[in-house]
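Given below, in the form of structure tokens, are the structures.
Each of the two complexes below includes chain A, the first together with chain B, the second together with chain C.
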Partner chain A sequence: MHIPDGYLSPATCGVFGAVMIPIWATASKAVQKTLSVRQVPYLAIGAAFSFVIMMFNVPIPGGSSGHAVGGVLVAILLGPWAACIAITVALVIQALLFGDGGITAIGANCFNMAFVLPFVGYYVYKLISSGSPSGSSRRVIAAGAGAYFGICAAALCAGIEFGIQPLLYHTANGQALYSPYGLKVAIPAMVAVHLLVFGWVEVIVTALVVKYLQKQNSVFFEGGRS
Partner chain B sequence: MINASHKRSDFIERSMLSALAFLKEATMSEEYANRKGFLQSLDPRFKTISLLAFLLTAVSLKSAVLIGILYGLCLILALLSSVPVRRFLVRTLLFIPLFSICIVLPTLFSLVTPGEPVWSFQVLGVSGILTRPGVDGAVLFVVRIATSVSLVVLLSLTTRYSELLKVLRVLGIPQIFVLTVSMCYRYLYLFATMVENIFTAVKSRVGVVSRQRQGQSIVTWNIANTWNRTTQMSEEVYMAMLSRGYTGEPRLLSEFNAMPKDWVWLLCALIICAGLFYSGHIL
Partner chain C sequence: MTLARKLWIGMGALIVLSPLGLILPEQFKSGKAWGEWGLDEIQKMTGYVPQGFQRLSGLWKAPLHDYAFQGWEGKGLVHLSFAYIISAFVGIAIITGVAFIIGKVLVKEHD
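Right after this comes the complex of A and B.
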């Protein structure tokens, strides 16, 4: 899901960077309103948690294992705006310090993983779990469904971003200048692998973690952010 | 059966390896950043701006040859900065560029990219034609990605993380965000060690995990437990910050000191970028 440098044109990167600026500003205001001076340690530790989720490998059917992105889980735990900032921080560290995901593509990566993924997932979760008691299994199902739709929506966005490159940026003889596949290839390739494989890893991790947190700390799901 | 069981236990090894890889990577990068070399001797602000200018040039140019020149420059800079070239090449070429080669392979053929044929072949009765736009596009794509990855890795290998985070301020990133990033980075060490310890404990107590569900349960329970520990910790850290006089207005100390050499280097870097853009325009 992390888009490296060179897959998207500088203009596409610029557009997504510009789109993210008001989102980050709104997220900062929303977080400052609810957390006040508490926000820095809270978000720093939330960001570190969202980074660390990727270190946990989960066994998946077929005998293999994979890791989850955990964006929807972070949104359920922190709220969508705080999750937006926490995931952005994690993505910046990954891009700047570990070369995972491009620096020029940071706007597009944040749009997909720090905005679309947590917001779609969080609102699907809220829609399904609305009115349910804090310890209900409907919340577990809602968390799983939110994770699945969230990651698939983010994959669809990444597919569209890749797919528009050869349409917009090519030479006179048809040579693609950036990501070489059009929408007909890029969207199915990105979405199918998330619908069939990675989406389910996300479902397992998000639903089971919510289930365990219900058992350990059910107060957390009573009112508040979740 | 034994193989299947071992496979199912791979998630423990993989989780431990992920945590260890993070710690190893972070330690190794600090080691290179502390060495004496050309890039290490530059003011981090000037170095970051110059390498980002090279990166922007690499992603904007439309000629593989010109991007190749930037890649050559990147290797020279690695040599001058005491970064072992073999390790640098392994780190920069093995993952993203290799993955990109796999992605771009089908575009070499006329079926995906029609155009002037450059080479045709027949294997097991199946014929294939490589086209000029396909080959040119694939070469440009891979060279650009290899160069971009190399420039970013060069920056992270030759700059201490604390300095790199301070440079974010120079780029106009709000102070509160920079402080959050720097605090997050410190906690990553702690959490990576925590993940490693968790799975070492799981391995020593459980041994081989034979059921997939059991494995999933172990991992997700540990994620939930890590979350509980992080929320506790955020409260404690907040209290500690308050007790040291934190009022919600973070202050970062800036110790950067630009020398004439930094200005000369930045000027050279900008001239190189302008030259490459100009060459790309007239080619």
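Right after this comes the complex of A and C.
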């Protein structure tokens, strides 16, 4: 889901960069208010976890490959704004150091994976888990559901971003200037593989870690500071 | 043992296992993620190179592009796996540091 340089027009990149600036500013303020000093090391661990889990490319035999993001997990444990910061750090380093995701697409990639993904995931988790005891299996199921909807929503956004390019930017003879695939190709392609495969990878990763942490330290699931 | 320490041990295990993310796609003959193709692949699929794509795609030369060392492109999976592990380690070290500093800067006023 890391959109490389060249697939999005400079204007699209500019729009998403501009959209992300107030989101990052709000995230900084929210983290300042809600995160405790004790949680700062977990913010760092969350960012590192998201980074390394994205390195585990899962193959669709004969097809494409993809990966989990781990971002819904961070949102469940530290809140969606903290997750936004943690995933942004991972995405920026991926782009700069490893060329994974374009530098011009940092705004769009952060919008999809550091904003849409943790927020959709977090609120689905909240909706399903609300009122359940911190050690309950409803929390694990809620975490899995959040993971699934979070990553699929992010994939949908990426599909739309790819898909609008040929509509907006093409030469007189109809050749695309950037992403050559329109909405009818890009959205199904992005969403289907996440609904069928990579969404479930995110579910398994998220549910397993939530289950483990429930046993270790249920403090994570008692609502935390808000 | 503190929870943070346990999680770091888990992170170490993920670093060591990370080449699975390289080897499994190779084994199952699966390609790149959808929409992450390079110039050649785009040209093969569509029959042309989008002009804007060509202009922007080479914009940034990442030092550890594709989690590999430059000049190691033709090397086998063992070498690439080694580079992948080093990339995971370097990435985690930098990301942990940056996220920790951001956290410290933001969350120092109270508690």
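Miscellaneous remarks
By definition in this document, the second predicted complex is superposed on the first by the 199 of 226 C-alpha atoms of A that agree within 3 Å, B and C clash if a C-alpha of one lies under 4 Å from a C-alpha of the other, contacts with A are read in each partner's own complex, and residues count from 1 in each chain.
Just so we're on the same page, a residue touches a chain if its C-beta (ideal position, glycine included) is under 8 Å from a C-beta of that chain, and two chains touch if they have at least 3 such contacts.
Bear in mind that the values here come from a model prediction, so they are computed numbers and not experimental data.
By the touch criterion defined above, A:205 reaches chain B but does not reach chain C.
Of the two partner chains, neither chain B nor chain C is touched by A:130.
In the superposition on chain A, A:94 makes contact with chain C only, not with chain B. Using the contact criterion defined above for the overlaid structures, shared-chain residue A:173 touches chain B, although it does not reach chain C. Look at A:158: by the touch rule set out above, it reaches chain C but stays clear of chain B.
When the shared chain is aligned, chain C comes close enough to touch A:190, but chain B does not. Judged by the touch definition given at the top, the superposed model places A:3 against chain C, while chain B stays out of reach. Within chain A, the residues touching chain B in one complex and chain C in the other are 4-7, 9-10, 28, 36-49, 51-53, 55-61, 63-65, 67, 85, 89-90, 93, 95-99, 102-104, 171, 175-181, 213, 216-217.
Those residues of chain B lying in contact with chain A across their complex are 4, 7-8, 10-12, 14-15, 18-19, 22, 25-26, 29, 52, 55-56, 58-60, 62, 96, 100, 103-104, 107, 112-116, 132-134, 136-138, 140-141, 144-145, 147-149, 152-153, 155-156, 161, 164, 168, 174, 176-177, 179-181, 183-185, 187-188, 190-192, 194-195, 209, 212, 215-217, 219-228, 230-231, 233-234, 237-238, 241, 246-248, 250.
Listed in rising order, the residues of chain A touching chain B in the complex are 4-7, 9-10, 13, 28, 36-49, 51-61, 63-65, 67, 70, 73, 77, 85, 89-90, 92-93, 95-99, 102-104, 171, 173-181, 204-205, 208-209, 211-213, 216-217. The touching residues of chain C, when paired with chain A in their complex, are 3-4, 6-8, 11, 14-15, 17-18, 20-22, 24-25, 27-36, 38-39, 42, 45-46, 48, 50-67, 84, 87-88, 90-92, 94-100, 102-104, 106-109, 111. Note for the complex: chain A touches chain C at residues 1-7, 9-10, 28, 31-32, 35-49, 51-53, 55-67, 85-86, 89-90, 93-100, 102-104, 158, 162, 169, 171, 175-181, 186, 189-190, 193, 213, 216-217.
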